[in-house]
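Please see the structure below; I have some questions.
A, B, C and D label the chains in the order they appear, each numbered from 1.
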């Protein structure tokens, strides 16, 4: 339970108690009381979520119960065969990748994979990919192109793993090579930011024909904590940094950096995985149909132009130069 | 000095002594005696080298003073820029690779690199490539294709490095990927076996449009020692294995597995690097001119057919199957 | 095919410890292909020549081949053909370990190369099952070159957008691991199978970084990032079928290509 | 250019210990291009917008940009143009570390992207010199996207068979290392330059396997297999020229394309 959700706790507790009472005494009539409480919960939830601060969204995006890549794959795909390894160095559990079927269509999927338990998170390095994880995804991107399969990527990472060992195996090179490959891939690529889109580690899976973003996901050049440490010299200013960075889905849609905000169920995706996945499927299916109808040359050209346009600039007075 | 070269030792010593005497006493006339001795040395060298056993050729191919890849590059190329690293894991000194110019033509070169001193040999792992060395070569093969440069490879290795660490980084996968890439490379590839062509580690650089082989180089499915251990259960039978494996340049030319034998100077390449390199250059220059005039599609097709034809088989009586 | 009833029960897998015993090519084919058996063999008559006139102390190479033929009733260390897998026609090459340790010589390489070429012509997916000690010494450099030619043939399949799945069975070693096996799009290992590059050489390994499983087993090789999956025999057919369906969602109409006629004695035979 | 006499003597390299001090973009350009100076700058007027209306406690982003412009007499953290290198026209992009730590924002990315596109149109090789702290925080996700767009632009160059050489100077960090710098065909590091992905984060490294040189220096990064060469400043021009000559043996006729006219105010400018 996140701090800002506490105002709803009391209501939820009263509803639970009422339902327990009714179970104990089947003759009691709680229908009316329950309906009132539920209406109030809905209203207050809607109110709370309509006015989330950026920092609250960061917390939602990182919610320990938030659905992760595998949770979405499970619900979106009728078949999933996870494939392993980069054929060079290792297999990285921080990246999940494989072959799947979405609405009867074969696709390649790849995403950052966070754990839910501590042990699982240690194994998965909290979703922070090693170079070999990004290279596993790269291998599957190549496979997608070879067989003409569209690619779906799921972004959910605090960033790429930054240790000395990751530097030794060329973390920067892995990120750059993935971006270059995705930019030129001759098959449709759809990017979905499902939780935390953190920095270059996210962007290594983030170059696509369309970028969708879940309503409460965030996507940022740096974590609010890191930005606060740089800008305010104090990571306690993370909430300020979160606001300043404009990292929420609605902000990024306005900025033209993403294409679509996918609505989450009331109270956030972590309260209802199935609805979260169904909302995503609603967007995904027509998008796949549309993109798969395009010529590869056109796709690659349009993808280049799409990212080509990202970046504001202006003209200095000629005297300065 | 190899064992079988000893019969020439005495003659060489007498020539040296005569020359020293003449230096000490400028008035002495040794012209005639020297001429006789030198003629005899030439005759006996020619005789010895005309009747080398396969095992003697193995020893020559492994001669510590034999010219290695860098010795040939130095003499064949007017420019050489060594490039480093596979951009994934490391830089392997057992493989030398880079950009060079041969007869005014830009080429990509890659070869196994043995050392001459013990320290150098340890650093270069006796020319036994690690996976990252083969992947450095692979990166340069890709570069050659991108820029339409022909590739020259130099084979001189006992085999690929076989340790547990090499297995961990996918030695088999590195060899196979290199062969696959060379087989389909859309630019000319010329392979030169300069010393020891040992097993899969050699073949990882060995798939080309033409395969040249120095006169006393050897090329084999396994080292004679390893084959003897398997076949005779005793590596002392290496000379027998060397004969049975048909690993000499003339044998392989007859078998159709190589295209050309490049003559070595009298007494072997280790006695005269410059002549060895000049003989190779004589073959190489017209070959490069020829291959560079071909269409990439035709090159790839002909290369496929060339290796496609390597392998004898017969038809069993239908009853057996 | 006649083995079917007995391995149907056990699949040669120990119910107690999951040990996967080696299988013959015939058992493999029955394991992988749909019921009823649909296998049509190709190039069954191709067998080894003796390009080096190779003699071991124990006898000539042709003697070894003759013994292997008698032992296995096969003419070579690989059995190739076409059949239905998951309702779709595939080209299938299965190595016969009983035939000179599944070693790869010129005839073996010829059959594997022809299989890839056959698949290319008919636009079929390819499945191989490897079980091999590596290159066949008795054919010298001819044997080594089989690595190049089978790998080159496999590479053309990928360029044509046709899927290739390799199942690495016990043991997959040296010249087979390092050639057409390693370049498959998807690689599946059998539980416990030894998969490695170096054959019998002594390997001085001290560093054990990430390995809670035994070195050089399929499980270990998967941890090293080299194979995609380790799949129990009971699940193998289903998994291979799913992979092929995922990679080639729009196949040439299933069942349509009738089982290929055995080709006439190949004019490519050189001996 | 006006620095030329003094660095000609020292190149900002300590004769005692070979320490390579940082250089301005102008010094770099003079170091790399042939004599006489042939540099024609492109897009000099492109400068940062303020898409996030970003405020630091120390002031607004436009204030920072204004200070940087005053300090460097440049409008952005990269100087782009064309000139003669080894007798051949190249497109050259040199980062100006003095401009907000060489950080990459939308205008920086725009200039770098235009440079690659310019080279593509005229079929010129590209040389970049990087010196950067990474993405410019003040532009939020706009800054991150510069990694994607500059990398995509570089990738098109390779497809067209045009060579791209990157010189990584001190420091090359984070969002620049991990984008257009890393995808160069040939990468040259300057002696002692810090080259790394992780910026100021605390990194707990214990394993020191192969490193007789200090972590994250160009020499160390070369040992890890990530860059091709470490080249002293005195040799830099010659080495870059040799690499380009080797990769593009048959250039568009040298000297032929006259120095490009500065383009009119770009219609692509969005602010």
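As a convention for this text, contacts are C-beta pairs under 8 Å (C-beta built on N, C-alpha and C of every residue); 3 or more make two chains touch, one makes a residue touch a chain.
Being a predicted model, the structure only gives us computed values, none of them experimental.
Peer 1: Can you tell me the least number of steps between subunit C and subunit D, where a step is a move to a chain it touches?
Peer 2: 2
Peer 1: If I average the CA coordinates per chain, which chain comes out farthest from subunit D?
Peer 2: That would be chain C.
Peer 1: Consider the two chain pairs A-D and A-C; indicate the one with the greater count of contacting C-beta pairs.
Peer 2: Of the two interfaces, A-C and A-D, more C-beta pairs touch across A-D.
Peer 1: Averaging over Cα atoms per chain, report the distance between subunit B and subunit D in Å.
Peer 2: Their C-alpha centroids are separated by 41 Å.
Peer 1: Please work out the Cα centroid separation of subunit B and subunit C, and write it as a whole number of Å.
Peer 2: 32
Peer 1: Find every residue in subunit D that makes contact with two or more other chains and list them.
Peer 2: In subunit D, 182, 224-226 touch at least two other chains.
Peer 1: Note the residues in subunit A that touch 2 or more other chains, in rising order.
Peer 2: 87-89, 169-170, 173, 177
Peer 1: If every chain is a node and every touching pair an edge, decide which shape results: line, ring, star, complete or other.
Peer 2: Topology of the interface graph: other, matching no listed pattern.
Peer 1: Which chains are in touch, pair by pair?
Peer 2: A-B, A-C, A-D, B-C, B-D
Peer 1: Taking the complex as given, what residues does subunit D use to touch subunit A?
Peer 2: Counting only subunit D, the residues touching subunit A are 41, 44-52, 54-57, 69, 73-75, 105-107, 109-110, 113, 135, 137, 139-149, 151-156, 159, 174-175, 177-183, 196-198, 200-201, 203-205, 207, 209, 215-216, 224-226, 265-266, 269-271.
Peer 1: Quick check on the complex: what are the subunit A residues that touch subunit C?
Peer 2: 79, 81-91, 99-101, 105-106, 132, 136, 143, 146-149
Peer 1: Note which residues of subunit D are touching subunit B in the complex, please.
Peer 2: Where subunit D meets subunit B, its residues are 158, 161, 163, 182, 185-186, 210, 222-229, 239, 242-243, 245-249.
Peer 1: State the interface residues of subunit A toward subunit B in the complex, per the touch definition above.
Peer 2: Where subunit A meets subunit B, its residues are 87-89, 131, 135, 169-170, 173, 177.
Peer 1: Give the list of subunit A residues in touch with subunit D in this complex.
Peer 2: 160, 162-173, 175-177, 179-180, 183-184, 199-200, 203, 206-207, 219-222, 226-227, 230-232, 244-247, 252, 255, 257, 303-304, 307-318, 320-321
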